[in-house]
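Both of the next two complexes hold subunit A, though its partner changes from subunit B to subunit C.
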Partner chain A sequence: MNQSDHIFTIKNLSQTYGAIDALRGVSCHAVRGEFLTILGSSGSGKSTMLRILAGLEMPSHVDELTLDGVDVSNVPANRRNVSTVFQHYGLFPHLSVVENVEYGLRVRKVPSAVRRAEAAKMLNMVQLGDFLEANISKLSGGQKQRVALARSLVLQPAVLLLDEPLGALDEKLRFEMQSELVRLHEEFGMTFVYVTHSQEEALTMSDRILLMDKGQIVQDGTPQEIFDRPNCRFAAEFMGMENIIEGTVSSVDGATITAAIGETLITGMWAGSRMPEPSQPVICAFRSEKLRCTAAGAGAGAGAGDDALNSIQCNIEKDVYRGKYHDAFFATPIGPLRARLWEAPGDLAKMTRLSWPKSQTVILPSD
Partner chain B sequence: MFRSPTQVNPKGHLILLTAWVLVGLIPIAGLAVWSVLSMENFRLVWEPSLQAYRDVFSSGRWEVTVRTIRVAAIVTVLVSIFAFPFAYWMAKGTRSMATKTILLGLLTVPFFLSLSARTIIWRGLLGLNGPVNGLLLQLGVVSEPLDWLLFSEFAVVLGLIAPYFPTMVFPLYMAFSLIDDEVLDASRDLGASPLFTIVHVVLPLAIPGIGAGFVFTFIPMIGDPVVPTLLGGGNVVVLAESVQSLLRILNYTVAAALSVLMLILLIGFISTAAWLTKRFTGGHSNAIS
Partner chain C sequence: MQSRKTGSAHWSEASIWKAVGPLSGLLALSWIYLPILWLIVMSVSAEPLSGFPGPFTSRHYAELFVQSGWVAPLMHSFWLAFAVALVSMICATMIGRAVPRLRRGGLPITAVVLLPLMVPGVVIGTAMFLYLRVFLGFKLGLWSLFAGHFVWAFPFSLLAVLVVSFRFDTRLLDAAADLGSGPWERFWRIEVPLLKDGIIAGGLFAFLLSFNEIARSIYLKGKVETLPVYLWQQASSHSSTVPLIFPLNVIILLASAVLVGVAFWLLFHGARHQESQR
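Entry: the complex of A and B
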C-alpha cells in the first residue's frame, strides 16, 4: 500500500507519566477514509493515543508522527487539522447549540453570516435543525452527542477522533448513534478514529480494529479477523471466547494444529504469527455458542465420529437461564466448559457429549 | 429516625428570618433614622432634619468618599491583574495537588497576623531613611529621598494590595477550578489559541467568580481604616476614618448620614456587578453548575 494513502502514520510512539508507561512503542497508521477503531480496556493506552493524535498531549518519544503527509510531532492541538468528539462532549455551557457549532469557524475568522449558515446546515445533518438557539443544559445525552459531532464535522477535519463517544448513553440510544455514525462516515468520507472498550461497537462499525493492551497494539485486523482469529490469549478473552484450555502441540498439519490436553485431543486453526513446534505449550480457545450437546446414543448425526468436530464427554453442572438463551456449565475431562444453548435444551442431565467444529477452534501460542 | 430534607421544620426559616432582622436590618434601620434627626448639645433630639446630609457635603466629606472609592477601585484593578494569572495557573496550570495545597495554605497566612502589624512594616521600608530611598539614592536614580513614598495615596495603594490579594484569588480559583478540563481541551482542539480560549471560554464561565472576587475585595476595602491610617498618615483620609472621627466628637447624625450614603453606594455597586454578571452570562446562569 502506498504511503500517501495513509492519513496518519505513527512510528514507535511512547508515552510515560512518571513511572507509568501509558504507551510502549506503538506503531500504526490509518488509511484515508477508513473507520478505524482502537479497542481496549481502560488503562490500555487507547485514549492517550487519541489525545496524542489530537495534539492535546505531546508524546514522550516518537520516531514519526505524520498527519496527511506532514510531520506534526511538535504541532500543538490548535494547529492540527483533526477534531475530537469528547467522551463527555466538552460542549461550551455558556453558548447556545448553534454558537457551539460555530465556535471553530469563529476561531478561523469565518464571517458571521457564513458560519451561521454552515452551522445550521450541519445541525440539520445531525437532526438538530430545530434546536439552534437551545441551551446546552436542556439537551439530552444523545442530543449533546450530536452537537459535539456537528461542532467537529463543520470544520471538515482530515481525521475525526472519537473518544468513547457513546459510553454515557443508554443502550437503545447507543444502537441509534452507532448507525448514525456509520451514516455520517459514509456521507463525509473522512477518516474516523474511534476509541472504545466495547467489542460490540468495534465489530459493528469499523473497517479495521487495533486491539490494545498495556500500552501496546496486540492485534491489527478487520472485525472478522479479530473476532474469529484472535492471535493471543488476551485477544481471545477480550473478544469473548469463554472456553480457554491450556495444552501442548501434538501434531501440525499445515495451519491445522492438534493439541493434547492430557488424554484428550483438540484440533483447531493456528492463529499465532510463527508456526508452532510439536510439544510447544498452546491455548485452545472456542466460543460457548459453538458448542452442541447430545444425549447418549443420539446417533452419529453429531458427536463422536464426525471428522469436522471436536468432541468430548461431559456432565452438566449448572444451567443459567438468560432470556434469549441458556448458559450451561459442564464438567469435562479437560476442565469446565461453557455452552450457550439457543434452544430449550431438554433434559440437560441426559446430555453426555459436547461437540464443536474444529474450524471454529483457534490454537494460540501460550504467552 | 432521620428526617428527610423535605420535612425540615419550616419554623427554622422563621427563626433565621427573625435573627436576620434583629442583627442585620434593625441596626441599619436605626442608622437611617439617626441620619435624619438633629443634634442639640451633643444629644439627639426627635426632630426630623436633613442637616446631617447637608453637613456631609459642606464639610468636605464628599471628597473623602470619592477618594475612598478611587483608592479601592485602583487596588481592586491591580489585585485582579495579579490574581487572575495566579489563580488560573493554580486551578488549571499545575496538576500537582501538593503545590496547590501549599499555595492555598500560604494564601491564608496573612489572616494569622494582625493587619496593623503587617502594615506597619511598610513605614520602615518606605520612610525617608528607609531601604527603598536608600537604594534609589545609592543607584543615583534620585538625588534626594522621595517624600511621596510614605504617607501618600501611593503608600496606601501599595499597602492595600497584599491584604486584599487572597480575597480576590480564592473566588477566582474556585471559579476556574469548576471549568471542566474537557471544555478547555475542546476549545484548543477546535483551533483556538490560548488567548482566544481565555477571552471566549474562561472569562465568560468565570464571571460569577470574578463578581464574587470584586465584592470581597472592593467592598471591605471601602470600610477598612487600618491601612489608610497607618500609611496615609493623615494625608489620605478615607471614609472609615472619617466616620470614626465623627463618632469621636459625638457627631452621631453626620456619622449616620455618611454611613447611609456609603451603604447606598455599595448597594449600587453590587447591583451593577450583579446586573453585569447576568448580562454577560446571557441568561445561562447555570454556566458553572
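Entry: the complex of A and C
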C-alpha cells in the first residue's frame, strides 16, 4: 500500500504518566476514507491514543506522527486538521445550538453569513434543522450527540475522531446513531477513527479494527478476522469466546492444528502469527453458540464419527434460561464447557455428547 | 396514655409559638431597617438634628451643590474603589481559575488567601500602618489606602470567582482547542463568558467593600480623605454641614443597593442559569 494512502501514520508511540505506561510502542495507520475502530477495555490506552491524534496530549515518545503526510508530532490541537466528538459532548453551554456548530468556522474567520448557512446545512443533515436557536440544556442526550457531530463535521476535518460517542446513550438510540454514523461516513467519505469498548459497535460499523490491551495493539484486522480468528487469549476472551481450554500441540497439518488436552484431542485453525512446534502449549477457543449436544444412542452421525466436528463426552451441570436462549454448563473430560442453545434442548440430563465444528475452533499460542 | 392524648396541651404545643417566629423576625428587621428609614425621612425634613420629621423639604439635597466639601472625598473613594475592584477582579480571575485545577495544594492556598477575611480590620489597619509608616517610613496616601482595601476586598472577589470556577467544566477547553482555538481565544471565548458572572459579582463586592471601608482607612489614609471618613468626621463635629450627611448617605445607600442587587442577581441568577445548562 502506498504511503500517501495513509491519512495518518503512527510509529512507535509511547505515553507515560509518571510510573504508568498508557501506551507502549504503538504503531498503526489509517487508510484515507476508512472507518477504523480502536477497540479495548478501559485503561487499554485507546482514549489516550485518540487524544494524541487530536493533539490534546503530546506524546512522551514517538518516532513518527504524520497527519495527511505532514509531521504533527509537535503541533497542538488547534493547529491540526482533525476534530473530535467527545463522549461528554463538550458543547458550550453559553452558546446556542447553531452557535456551537459555527464555533470552529468562527475561529477560522469565515464570514458570519457563510458560516451560519454552513452550520444550518450541517444541522439539517443530522436532523436538527428545527433546533438552530435552541439552548443546549434543552436538548436530549441523542440531540447533544448530533450537535457535537455537526460541530466537528462542518469543519470537514481530514480525520474525524470519535471518543466513545454513543457511550452515554440508551440502547435504542445507540442502534439508531450507529447506522446514522455509518451513513454520514459514506456521505462525507472522510476518515473516521472510532474509539469504543463495545465489540458490537466495532463489529457493526468498522472497516478495520485495532484491538488494544495494556497500551499495545494486540490485533489489527477486519471485523470478521477479529471475530473469527482472535490471535491471542486476550482477543479471544474480549471477542466473547466463552470456552477457552489449555493444551499442547499434538500435530500440525498446514493451518490445522490438533491439540491434546489430557487424553482428548481437539482440532482447530491456527490463529497465531508464528506456526507452532509440536508439544508447544496452546489454547483452544470456541464460542458457546457453536456447541451442539446430543443424547446417548442418537447415533454417531452428529458426534464422534464426523470428521468436521470435535466431539466429547459431557454431563449437564446447570441450565440457565436467558429468554432467547439457554446457557447450559457441562462437565467434560477437558473441563467445564458452556453451550448456548437456541432451541429448547429437551431433557438435558440425557445429553451425553457435545460437538462443535473444527473450523469454528481456534488454536492460539499460550501466553 | 388515654389521658395524655385527650388532656390539656403540652406547653410546647401552644399556638402562640407559631406567632413568635414572624414577630421576632419583624422585630429584627425593624432593628435593621428603621434607622435607615429614619435617615431617609430626616434627609427630607427641615431640621434633621431635632429628631422629628417634617416639615418636608429638599433643601438639604440642594445644599449639597453649594457646600462641595464632600466632592473630593467622594472622588477619592470612588476611584479608590474602582481601582480596588478592577485589580481584585483580575487577580481573583487569575487565581480563581487556577485553584480548581491544582492537583494538590488547592485547599491550603485558598485558606491562606481567604484568611484576611477573618483578621479584624483594626488589626490589619494597625499592622499595615506600623509596618509601612513606622517601620519602612513610607509616606501614606492613596496607594496605602489601595493596599489596605485590596487586602480586605480581594478574598471576597476570589470567593465569588471560586463559586463559578469550581463549576467550570475544563473539558470544554479541550473541545475549543480541538475546534481550532488557541489558548488566548479559549480564555476569552469560553472561560470568560462562563466565569463572568462570578468575576463581575466579585468586582462589585470589592468596589462596595472599598467604598465603605473605614477601620483600615483611618490608619492608612495619610492626608487623603475618603467619603466614609469624611462623613464620620462631619457627623461627630456638630458643624453646620451636619444636615448634609443625611441626603449624602441616602444617595450612597441607593447607589450601594443597586450595586449589591446587580451583584447578587449576577451571582445567583446566573449560577442557576448555568447549572440548568449542564
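As a working rule, the second predicted complex is superposed on the first by the 365 of 367 C-alpha atoms of A that agree within 3 Å, B and C clash if a C-alpha of one lies under 4 Å from a C-alpha of the other, contacts with A are read in each partner's own complex, and residues count from 1 in each chain.
As a convention for this text, a contact is a pair of C-beta atoms (placed from the backbone, for glycine too) under 8 Å apart; a residue touches a chain by one contact, two chains touch by 3 or more.
Predicted model, so just to flag it, every value in this text is computed and none were measured.
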**Item:** Fit-or-clash call for subunit B and subunit C when the two complexes are aligned on subunit A
**Value:** clash
**Request:** Kindly classify A:Gly90 by the partners it touches after superposition: subunit B alone (first), subunit C alone (second), both, or neither?
**Result:** both
**Asked** If you stack the two complexes on chain A, which partner ends up touching A:Gly104: first (subunit B), second (subunit C), both, or neither?
**Response** both
**Item:** Which of subunit B and subunit C A:Arg151 touches, first, second, both or neither
**Value:** both
**Message:** By the touch definition at the top of the document, which applies to A:Ser137: first (subunit B), second (subunit C), both, or neither?
**Reply:** both
**Item:** Doubly contacted residues of subunit A, that is, touched by subunit B and again by subunit C
**Value:** 54-56, 76-79, 82-84, 86, 88, 90-94, 103-104, 107-108, 135, 137, 151-152, 155
**Fill in**
So, in the complex, the side of subunit A touching subunit C is made of residues 54-56, 76-79, 82-84, 86, 88, 90-94, 103-104, 107-108, 135-137, 151-152, 155
**Prompt:** Of all residues in subunit C, which touch subunit A in the complex?
**Reply:** 169, 171-172, 174-182, 185, 189-190, 193-194, 274, 276-278
**Prompt:** Any idea which subunit A residues touch subunit B in the complex?
**Reply:** 54-56, 76-79, 82-84, 86-95, 103-104, 106-108, 135, 137, 151-152, 155
**Prompt:** What residues on subunit B touch subunit A, complex-wise?
**Reply:** 180, 182-183, 185-193, 196, 200-201, 204-205, 281-282, 284, 286-289
